[in-house]
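Below is the structure I would like to discuss, written out as structure tokens.
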Amino acid sequence: MAALVWESSKEGAGGFWEVVTSPQAVAALKLSLGAAAVVALVNAVVGTVIAWVLVRDEFPGKSIVNSIIDLPFALPTIVAGLTLLALYGPTSPVGINVAFTRTAIVLALLFVTLPFVVRTVQPVLLELDKEMEEAARSLGASERVVFTRVVLPNILPGILSGVALAFARAVGEIGSLVIISGSLPYKTEVASVYILTRIEGGDRAGAAAVAVVLLVVSFAVILGIGILRHFATRHEAALEER
Amino acid sequence: MLIGPLAMVFWRTFEHGADAAWNALTQPETIHAFKLTLLIAAIAVPLNTVFGVVAALAIVRRRFPGKGLLNAYIDLPLALSPVVVGLSLFLLYGRDGWFGGWLERNGIDVLFALPAMVLATVFVSLPFVAREVVPTLREIGDEQEQAAKTLGASGWQTFRRITLPAIRWAVVYGVVLTTARCLGEYGAVAVVSGRIQGETETATLRVEERYDSFDLAGAYAISLVLAVVAVLVLVAMIVIKPREESG
Amino acid sequence: MSIEIHHVSKRFGDFLAVDDVTLEVESGSLTALLGPSGSGKSTLLRIIAGLEWPDTGEILLSGRDATALRPQKRDVGFVFQHYAAFKHMTVRDNVGFALKVRRRPRAEIAERVDELLRLVQLQGFGHRYPAQLSGGQRQRMALARALAAKPQVLLLDEPFGALDARVRAELREWLRRLHEEVHVTTVFVTHDQEEAMEVADQIAVINHGRLEQVGGPQELYDRPATEFVMRFVGDANAIGAALVRPHDLDVLHEPADGATEAMIERITLRGWDAKIELVDGGGEPLVVQLTRERLDELELERSQIVWVRAQQERVFA
């Protein structure tokens, strides 16, 4: 199974550079990375807000909302893509038609990555010692300062690992995009679809080259999360030794 | 934003009449697709469950060189694009791949057949059980297991009577997530299966096929079934999560 | 700064945590809120701090109505039972936080932090993180942090509850000396009557949200106002309808007027006094405290039947 990882690089060694810098490949990669970055950032903010509301507020139907957050995890991506097409495509009941555009891609990715930041921030928020916030208040800090200097630094690792996972997922996403993106080269073709088309067209080297790039990105993300975990628990390291 | 899609699937399926939907669903190729999806899941889920539990035990309870690597490896499928996974398998087991030549000479079909699809699905759904069990194992600590050992229980007995009941709900939750992932897998299987209708087409692949064939009703019908299953999975998650958390 | 609490009540759902409490705390004094777990004393303290809002009543700080003031504006320092340390900041940053928030110049903050670290004897620990400190050290840091902005009131919520016995005793001593040096109006919450007696000028005994009695340690011990106070502050024996302190009981070998028959279960010698545990006719336990002299005089033994008489008893309606 581990050989899985090696194989791509091997095949791609040959015409790697040429393929990777071919305009179509570059366009596809740019689109994937760009869309993923946008989505990751939006999630960082929206996801944190949602997590905050779910942890700190009470409202009727809260537990239902909490559970629905996981829907994108449970739903097959192709189904998600199809229904987004129905909602936001040519026959849209809401009158929005963004099918086959970059907006559609971003929308699909937002749907698919919604749970990530929420679910990594929630446990951190739950564990956060409320007394730290109270202490800050008693020491004279305004609500804004309490958030920026006390809450945020402590939930940041949670946000960052959620963002990293969301980014990785968005970069490699395929199921929800095949239909709704339309896969127009240079316009709405994401890297994963590019790879798929190359394979089906017999251009294995081309596919492998771009795949390697995605692979590197994935590794970078994993590395990032690992470093984050280590960094975040640095504060608590001493605790364990006691 | 989340409920919209669900409602849409429901509506669209029956937009062209329940008949059209039923027709699409009962086509022999569609039925085969469903069966195939279930079969793959039936193989992948137990495999990953066992792997997940064993790996979790190793990570939490043992020290060994390469432990960090194992941890990272388990997280890998979450960060990796399914297409990349599929491609790797393709290159490994394809005709001029590393193993491909030998396999072909011995008449073993991996690519464009069930084995490759199972391999792909197993890999992409690898992490879930392990990731659920690891924190639970960490939290409960190994004191109970130590107590059992001092009372004379063997390794297997300790596992069966002490550890397993303690991680029971985490495992179940992980299984539910794994199953959902298996059923919904698209990218990796798309690459390695060859999408041969009636043979190597899973339910998810069939949805796309129907769409490409302009059979919208069919596409939506199959999606509806998948969506219903997804909702059931979600319900299962809702029910099990609190039990997982309170142990 | 003086604190006046007027008819304050607070409910949490069905539970009445604070029940019409009226209390005055003199400026510069050290007051203990003493009571069992769940008696509402922590809630009362938090109301003074502004971390909880009372349902009824008022809080006056230095004569001014502070009831509606947010904690940021009350000029109080609060020390939590579990320290509430900012675990992502160093000790220095923790201690200097109040000043940082008030935008004091960096040099001023550094100087004050140094001063405080010396005060709490944590010089040299400034660059550590709270996780690298022991419990006692963390609490001292929390104290320094609360004192940084020179608050007019210092509030401590079971400050030593999470520490082990020896550290607790040390810090108790320490708090007393600190108060003598700094003279800030201090209110602390505890369930340990020994601690309250040792440290405080004035003790307010609270039970089920109600104020049972306020007074100096000696007053509470010698003249308890209610049965609860008598039982909680010091030990008490129930003899008939009255309560008697162990050292107010004498032991006789012959029956006498008003004396109760009892059997000696155990005699414990404790240095200069002795503790006699007995069981009366109804199976109820009695504890008598005698001086060694008296004990030797009486020549008591286990399983002896004796008579116990009160020199001074109290009956509560």
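All chains are identified by letter, namely A, B and C, in their written order; residue positions are counted from 1 within each chain.
Methods note: a contact is a pair of C-beta atoms (placed from the backbone, for glycine too) under 8 Å apart; a residue touches a chain by one contact, two chains touch by 3 or more.
Values in this document were obtained by computation on a predicted structure and should not be read as measured data.
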- Most heavily contacting pair of chains is A-B
- Chain centres computed over CA atoms; the one at greatest distance from subunit B is chain C
- Query: By C-alpha centroids, what is the most central chain here?
  - Reply: A
- Message: Centroid from C-alpha atoms only, then distance subunit A to subunit B, rounded to Å. What do you get?
- Response: 20
- Note on the structure: The distance between the C-alpha centres of subunit A and subunit C, rounded to whole Å, is 53
- Taking each chain's centre as the mean of its CA atoms, subunit B sits from subunit C at a distance in Å of 59
- Task: Could you tell me which residues belong to subunit C and also touch two or more other chains?
- Result: none
- Complex contacts: residues of subunit A adjacent to subunit B: 1-5, 7-8, 10-11, 63, 67-80, 82-84, 86-87, 93, 110-111, 114, 164-165, 168-169, 171-175, 178-179, 191-192, 195-196, 199, 204, 207-208, 211, 214-215, 218-219, 221-222, 225-226
- Task: Using the touch rule from the top, collect the residues of subunit B that touch subunit A in their complex.
- Result: 1-6, 8-9, 12, 68, 71-73, 75-76, 78-92, 97-98, 123, 177, 180, 183-187, 190-191, 203-204, 207-208, 211, 219-220, 223, 226-227, 230-231, 233-234, 237-238
- Task: Using the touch rule from the top, collect the residues of subunit C that touch subunit A in their complex.
- Result: 49-51, 70-72, 74, 76-78, 80, 82, 84-88, 97-98, 101-102, 129, 131-132, 134, 142, 145-146, 148-149
- Message: Residue numbers of subunit A touching subunit C in their complex, please.
- Response: 129, 131-132, 134-142, 145, 149-150, 153-154, 235-239, 242
